[in-house]
Structures are given as structure tokens and as C-alpha cells.
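The same chain A turns up in both complexes below, where it pairs with chain B and then with chain C.
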Partner chain A sequence: MDYKVNLKPTSLIDPRTKLLLLFVISVYVLGGTGGEKMKVFYWILVFIPVLLLLSDRRWKLFLISVLVYGCSFVAQNLLQGDLTALQSVLALTVYVFVKFLPAVFMARYIMATTKASEFIAAGKKMHLPDAILIPISVIFRYFPTIREEYGSIRDAMKMRGIFMGGGKASQMVEYRLVPLLADSTLIGEELSAAALCRGLEVGVERTCIWQVKMRFLDHVLIGFCILTIFWSIFGGLFYDPI
Partner chain B sequence: MNENSSNKLNAKDLIHVGIYTAILAVLLCVFACLGIIPVMMLSLVVIPPVIAGIPYMLFLTKVKKFGMILLVNILLGLMLWVTGMSYYATIVGTITGLIAEFIYRKGEYKSKKMGILAYAVSNLYIWSNYFGIFYNAEEYFSTRQEYGQEYIDSVQALLPAWMSPVLLIANFLFGLLGGYIGTKVLKKHFEKAGIV
Partner chain C sequence: MIQFKHVSFSYTGEEKSLKDVSCSFEEGRITLICGPSGCGKTTMIRCVNGLIPHFYKGKLEGEVLINGWHTSDTPLQKLSHHVGSVFQNPRSQFFNVDTTSEIAFGCENFGMPPEEIIRRIEEVVKQTGLQDLMDRNIFQLSGGEKQKIACAGVAAQEPEVITLDEPSANLDYKGVCHLQKMLALWKKQKKTVLIAEHRIAYLLPYIDQVLVMEDGEIRETYTGEAFSLLSEEELHKRGLRGKTFENAVTMELPPVKDNKDRMVLNDLRFGYPGESMLLDIPGLELPKGEIIAVVGANGRGKTTFLRCLCGMEKRCKAMLTYNGQSWNRKQRLKHLYMVMQDVNHQLFTDSVLEEVMISQEREDKEKAMEILRLLDLEDVAMRHPLSLSGGQKQRVAVASALASKREILLFDEPTSGLDHRHMLQVADILKQLKEQGKTVILVTHDGELLKQVCTVKISLDAKKETQCQEIKHSVIRKYCRLPKPNSCG
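Right, the complex of A and B next:
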């Protein structure tokens, strides 16, 4: 019997490029570093996650991102000019939300298209120490788990008649956080066992069946990131505010 | 496991670091969003330290080697940086993490009092997120113009420079409180259940 493993990379770009993009998007879109002179870069960075989702044929996430972008654009346009107190709070919320969107979709893209194994292989190529690499891959693996577990806990507590807004604040925290933590210790044991089976140990040479290498698109995107950083530092010399 | 490697972090320790960093990051993220309301900016040194105390004390029960506390702080600091706070938290978090590491080692990785103290010290990175407002206000608010002048004024009125040491002390005290509550909750739920 033949075993067939699909060795094709899971996405168009390398995990290293994805991380760099996430960093650049966070700093320049979310953090707003650089101010006015970064405008063109800002808008390109905003749409990079959407284009990546499209090019990697993640239709569902792509449609969600387009919808969310569209809705928040409309909301921002509606909430302009003279605003009542409630409206301005709403406008502020939309504004903060919009700022977070590109980084959120970039993170979703990374999670949807990167295998943990690929990520670790890429990290090794960057010579990241295991002490940083293993926790980061666990964190990425664990975020969706937290949401899942939290959902189940909320359902279970609803059945017992304990929900948000009902009763004392300390109870609300206790009845949600404690089960989540109890879960986390068990999941920790399971993950450690799984990791041991997969040969994830500190200071041990690790092999990876997937190809991790830079291709044309990676070079284009990395070039763009470098240009962005360069422009944010030295752009002030050439930029002429009108 | 032999004696030699018992002092080095193994995969299991690092996985624990990852898990608890993720939980702490989610808690911080949820409560940091309260900062949209100006008055709640002050609550950021109160609520997160108290609530994060519970997972942190549970995390400390897993710590038996040098380096884990420091790693959590470095990772949280990096996360705060990429989620639009500033690199102050990364620097301060690394330093406080290192101090907390020495404190907890002094308690031989089991003293609860040292654990509470270590937590209170390590979570001072929350205070460092205010640095931008105190010491570099112009730049801080230049990236937040769209929040509206009203928001900027009220935040600045709330946080004059002398508030910096006040917040530091508050952060530390609520850290102690959080650590204390954490050990209580741990005793009530986890030690009885045999998880710890």
C-alpha cells in the first residue's frame, strides 16, 4: 500500500514572511507609528491580509473580511459630524475596532494556513531559541482552544443559571476562570505528551516533512516590509507635508 | 530524567509557559479594552492585576526551574508591543520578570509568600504601559488623534505626571492582593481537587 503525503506547501508564502507581515501590520496599522507620511503604506498594509486570504483561496475568511471591512467603512461614514454622546462612544468603538481588523485578519490568515510543524521549522531556520519558539507555537495553538473551552463553560454555567450580569462579580469571575484553568492544566499535560511523541524537545535536531523556503512572493512582500520600515525612519527627509 | 538536565527547561516547561502566557494575554486583552472609557484607564492597574493573579499563582505551582517567569514576561511584553501598546512593556517586563525570578527562587519555588511577592513585582509591566502618556504625551496622542480631543483631554486630566508613582504603588498593591486571592482560589478549587 502506498502512502501519499501532500508535500506541497500549505500556503503561498513562508511562515517567516507571515510573521514579518504581522509585525509590520501591528506596528504601523495598529500602533499607528510614523503618522501622516505613512499613509500609502498604511492602506496597502490594511489590504494585504484580505488579498492574502483571496490568493490562498480561503473563501470563507475572505468573504468575512470583505464584509467586516465594508460594514465598518459604512459605519465610520455614518458616524461623522455632530454626534450625540452615545454616538461618539460608538464612533470611538468602531474606530478602535477598525484599527485592530488588519492585524486580526492577518493572525487568522496565519493560523488558517500554517501548520505548527512548518512554523517550528521556519523558526529553526531563523535560529530562534527553543525557549521562545515552543511557547509561541503553543500560544498560537492555544488561542482557539481557549475560545472553544470558554464557549462550553458558558453553556454549562447557563444550564446552572449562572450568567453574565447575574449575581456577584466575584462569582462571575470564579465560575468562569476556575474551570478554564482546570482545563488548561489537563490540556497542558496532553500537549506535553503529544509534543513528546512528535519529537519536540529542547536542543534536539528536528526534521520537518514540509518544505519551508522563500519564493518569489516572499521576496516581494519582504521587500515591501523593508521599504515600509525604511520610509518610517527616513521618509521624513523626503516627505513634504502639504 | 537525570540530574544534569533537571535544571534546564524541557519541552513540558515551555508548553506550560505557552499556555499560561496565552491565558494571561487573553485576560489582559479583554480588560485593556476598558481603556476606551477615560476613567477606566485608571482601573487598568486594579482589575487586571487582581484577576490575572489566579492563573498566575496556578502557573507558579508549575515553576520549578529558573527562566519560566522571565519567559512569560518577555512573551507578554512582545505581545503588548505588537498589539499597539509600546516597547516599554517589553523592557520593563523583562526586568521585573528577572527580579521576580530571583524572588521566587529565594522561596525555593514553593513559598507562597514569595510567590505573591514575585507576582506583584512581575506584573509591574502593566504600569509601564502608561509611560507613553506620562513622559512622551505628544507622540502618544499623535497616534490617537481620531479618539477625539475630548478623550485626549480627559485622559490627560486624569493622568498628570505625579500620578506615575501613585500608579506604580497601586499596581504593586493590587498585584499583592491578586496574588493573595489567587492562592485562596487555588486552595479552594485546585488543591482539594488534587490538580495542584
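Right, the complex of A and C next:
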């Protein structure tokens, strides 16, 4: 059987749209820019990553996020007015959760559905310099590595009976970080050597087999982002706080 | 045509790795560069692919010429069009997360038109039979599979020269067979191939020229034919592994005495989420105090088997009965000890002595030193574990296992990438452990190690159904003659 390269894009939207969304979510959800008038946009932005995760068939993450948001939405409405100390802590936790999670989910979605190579191609179209693009694309490759390494170290510690609170708690951080750093440095060095031997070089024209193209959904989402930014700046003129 | 003219090289702050080396590699020939660890073969390879002097810094004297260019004046980017490289460590030669992008990577860097790259990928995949590995996440592939992708990536770049640095270190029999196919293809395409390796058996049918190195110098040069006439002893003398290319899976072992106590492993079942069941072992009897080998193809789940056995896989609930005690996962974590393939993961402290002492129930310096003496580590007791050589690190891990008084020790590929002398060293340690009454279970592809020390073998078969039966009824303990030299089918 002959193999045909499958050129279908990995995800529904373009890497550039993903980055814009991450930016807008960070500013308006995490940063809370714009205040009260952004409420509708805020909740739409909260749910965009959830829908994207759904489109990528990440059922588990999707269910978790829906559940968390549902609960926190209810909680936010209940926990208002005069609160006891415990309730305030709870309210604060919920608040922080909802603020942070959308950006986290969005980042997860980007990592899961973007090929390093697609990312470089998209960056090239935005005329970003190689000096920025190449390090970022290495990060794509590096996260899973660090996770793998960290996992093995954790397993080794469990096996050797070095636990939190096992009388050796003060050294825990050191025990974990030293091998991780030693390993990451080594892998980093070998990785650079391999990449150089395969012709990766800053400033040399590079092609990409994956097509990066804006499609209908990209235009809709970008339009929405622009509207969000527009509303945050000029919305005050039309919005009448009650 | 590659020429070395009086080349010497020393890495910054180290002694000379190459001493006045002169030689040439003609077009379309396959050359094996061999010799014991640290003989300078990797340095030779790095001189050819340009990593020396462009990446690894140090003092280079003399000239390395490729097609008449001086490597020191030619930028790596330009060299990379002509020289492709496959490295030893499959974990660290990938830039992408998916296999297809990885094969395309080099060509993309050369700025080739996408249609051409796609044509090349499809051709390489067809030539090398990689259909099953395409569009996969590289992090989910086994070492051998990763190495196949690395070879394919180099092949797609279509360089005239290909260098391989201990490419078989992490491969099983099948993986090595695949590597042989790649070499046959490259030979047919008249590529100039340079391989640094001490597992030489699989290369014998393909090599045209052999350089034997020691201490940074070329000691002997052979034609491929003359080299294959050398006897096993003569090879071992040069730090090389044996001539027979043995399949650890089908190899047979001499009988063990049957009066041993046994331990019983029950209900070991495991599969990664979203995948089918990888291991399904209803019951397995293992003799105590023996050295037991776990064999099977790359990706079959050998390492996973060790991880389950040792209690590292949370979702795997098996029971191990030892000396009348039944151990669940958490108890196994306390009673078994695994020496990982990458020992760096399990050395945490800043001195060898401390490494041993944190494993003791009550810290006892005297006892710790005694263990270090036993393992020939006394001299390095105060050194930082990560500054030691690979073999020493492995022994430090063994020392900490002894300190924690564990009865069952697991080893994951203890001899991958080791030359003959170091392999024998590991074999000695394993025998020592056996003498102390420990049970050793090790995962290995290394037929020679198996022959040296193992007395019992567990095979994880390619097909789950047969594996299950095979293991249920008996641990394979067959009587046998010396293994036949076999070729690759």
C-alpha cells in the first residue's frame, strides 16, 4: 500500500487566529481589562476555548471545563453581598479559577493541535523574525520532553522512598531539579546539534509542507476579537451602566 | 570523497580525542569506524558532519575535506545539504512532535518546494516500509521506531554522505534488521556511509572498509572481507562485540536447577489509556535468586512490564507473592528496585556516598562505604554522581539498591551502547548480585549479555494471545546448544 501524505490541517483554525485568541483571552479574561461593559464578551471568551477543545474531541477536558465553569457561574451568583470569611475565600478561589482557566485551556488547545512546523510557517507569514520563531518552536518540542523526564524522576523518587514529609522534605526541590536540569541541558545540546545537522539555521529561507490558510471560521473569530477590542475602547460611549 | 589530513582534536579542557589522524573515505563505500568506548570514533563522525568545529568547541588541527571543501570554512547549513546524520540517542534528535513533519524537516530547512518534499516523503516511506509510523506522535514511539524515523528523515534529504553514530545502541533485533535494510538501500544508491559502532555483527555483510581505533588513533585498517575473518577473541581484544548477530527473543538458555524457591506474579494487566491491553499476565512463576531476562520486540512493553512490576504504574494492580508475603503496588515500590535505562533520573544528591546513605533505613557511613567498596566505587565516594561515567552511575544506582536492602532488582537495558569490556563489567555486577542471593530481572536486547548471565527468560510475544498462554504455563526454561548464527529474514 502506498502512503500518501495527509495534508489536512490538524485543527479548525489557523495558528495566527489561535495566537490572537490567546492574546485577547489573556487581556480581557485574565487581565480583566474593560470592566463591567465587557461582561458579554467576557463570557463568550471564556467559552471559546471550551468549544475548540470540543472540536478537537478532547472530551475529558471539555467535560471538566464545562463542569468547572458551570459550578463557578452558579457560585459567583450565590456568593454576593455580605460574606463570611470562608465564603470570601471560596468566592476568591472561584474568581481566580475562572480568570485563569480560559487562558490555560487555550494554551492547551494550541499545544495539542499545532504542529511546530505549522507554527513556524504562520509566524513567517506574520513576518516574525527567525530569532523569535525558532526558540518558540523548540518550546513545542520541549514541553513533552520535560514532562517525560519529570515523570521518570518522580517515579524514581517514589521507588527510592523519598516522599514529601519523609524527613527529607527540605531537599525535595533540589532532588527533583538537579537531575531535571542536568538532563534537560544534555537533551537541549543534543537536540541543537541534530537540528543544525539537518540544516536549521537562522536567516535561511525555509518552506513548509503544511498549508497555513485563513478560512471562514478564522475570519469569524478574528472579527469577534476585533469587535472585543473595539468595544473595550469605545464601548463606554454606548454603554450605560445602570 | 572525504579526507582527513593530520587531524587532531581536543575538546575544550580535555585531552586529545584525535591524534594526528589521516585517512580517506571514498565515494559510494560503507566504512565502519570501531573501537572501545572513548576511542575517538564519535569525534571522527563529528568532524565529518561539521559539528566539529562549528558546534563542539575545542582545538582542531589539520584539515577535514569533504568533496574538496574544508569543513572548518564551510557553514553547517551548507554542509548539511551533503552530509546527513543519524545519532545515538533517539530521544534527542527530533525537532517535531509528529513523524511526517520530522521526515520533512530537513528538506523544509533547505527551502525545497512543498510538492517535491511530499514526493520525497512518499518515496522514502515506500522504500523503507514506514507506512504504519506515519502521522503519529513521536513521543509515543519506541526507541527503535524513533530511529527508523531518523533514518527516513536523513534519506529524504538525499545527501551524498551519511554518518551514523552508534545507531543500533537502542535497537532490538528487528530494529537492527531494519537498519540493515536501510544500509542495503544506501549501498545500492552509492552513498558514502560512515558508521561508528561496537555492535558490529549486523554490519558485516555491508562494510567495504574498517578502521579500528584506540586512544584517538587509527590502529588498523581492514577491508570488509579481511575484517569478517577475524576471530571472536581478536574482536573482543579490540573492545568489540561478537560476530554473531543474535536474536535475544529466540535465543535459548541452558537449564537451571529446579530446586529453587519461586515467587509468583498474579493478575498483571495494563494498557495505556485509549490503547488496547499491552500486558495481560494472569499468572507467572519466577525462580528466586536467578538472573531473569525479559525479551521482546521494541515497543512490546518490556519497560512497561518492569514499571508495572516495580509499582510505578498506578493503574496496574498486580500481586507479587514473595517468601509467603503478598505485595500490592505500594509494597512493591518499597521492596523492588529498578535501575532505569537513563540512570540520570534516579541520582539526586551531590555525592556518591550520600546517594547510598539516603537509601539506608538508618544512615550508617561504615556500611555505606562497605557497599561502595564492593562495587569498586570507593575512590569516587565524594564525587558528584552526575560527573561520573555512565557505568559508574549505573553502579551507584546498584549501590543505593543494595543499601536499601531490596531483594529484587530490576534493570532496564543495562548494556545498551556499551562496548565489550563494559558489557562484561555489567555482567560481573549482575553475577555478584546473584551470589548475594538477590533476584535480578532485566530487560535486554543484548544477546551477548543474555548468554553471559541469564538463566531464565520471559518472552513478551508480538501477539498478545500467544504471550498469555506461553507465560501462564511455564517460564521458558529450555535446554539448548549454542545459538546458531542467524541472518535477518
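We adopt the following convention: the second predicted complex is superposed on the first by the 191 of 242 C-alpha atoms of A that agree within 3 Å, B and C clash if a C-alpha of one lies under 4 Å from a C-alpha of the other, contacts with A are read in each partner's own complex, and residues count from 1 in each chain.
Criterion: contacts are C-beta pairs under 8 Å (C-beta built on N, C-alpha and C of every residue); 3 or more make two chains touch, one makes a residue touch a chain.
As the structure is a prediction and not an experimental result, all values here were calculated from the model.
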{"item": "Partner chain in contact with A:D56 - chain B first, chain C second, else both or neither", "value": "neither"}
{"item": "Which superposed partner A:A116 touches (first chain B, second chain C, both, neither)", "value": "second"}
{"item": "First, second, both or neither for A:E205, with chain B first and chain C second", "value": "second"}
{"item": "First, second, both or neither for A:I146, with chain B first and chain C second", "value": "first"}
{"item": "First (chain B), second (chain C), both or neither touched by A:V173", "value": "first"}
{"item": "Touched partner set for A:A195, first chain B, second chain C, both or neither", "value": "both"}
{"item": "Which superposed partner A:G31 touches (first chain B, second chain C, both, neither)", "value": "first"}
{"item": "Chain C-contacting residues of chain A that also contact chain B", "value": "137-138, 141, 174, 178, 182, 187, 191-192, 195-196, 200-201"}
{"item": "For the chain A and chain B complex, residues of the former touching the latter", "value": "22-23, 26-27, 30-33, 35, 88-89, 92-93, 95-96, 99, 103, 130-132, 134-139, 141-143, 146, 173-174, 177-178, 180-182, 184-185, 187-188, 191-192, 195-196, 200-203"}
{"item": "Complex contact set, residues of chain C against chain A", "value": "49-51, 54-56, 75-77, 80-81, 83-85, 87, 89, 91-98, 100-101, 104-114, 117-118, 121-122, 125-126, 130-131, 134-135, 139, 153-154, 157, 307, 310-312, 333-334, 336-338, 340, 342, 344-350, 358-359, 386, 400, 404"}
{"item": "Contact footprint of chain A on chain B as seen in their complex", "value": "8-12, 14-23, 25-26, 33, 36, 51, 54-55, 58, 62, 67, 71, 74-75, 81-84, 86, 142-144, 146-148, 150-151, 185, 189-190, 193, 195"}
{"item": "Complex contacts: residues of chain A adjacent to chain C", "value": "1-7, 115-117, 137-138, 140-141, 144-145, 148-149, 152-153, 155-162, 168, 171, 174-176, 178-179, 182-183, 186-187, 190-201, 204-210"}
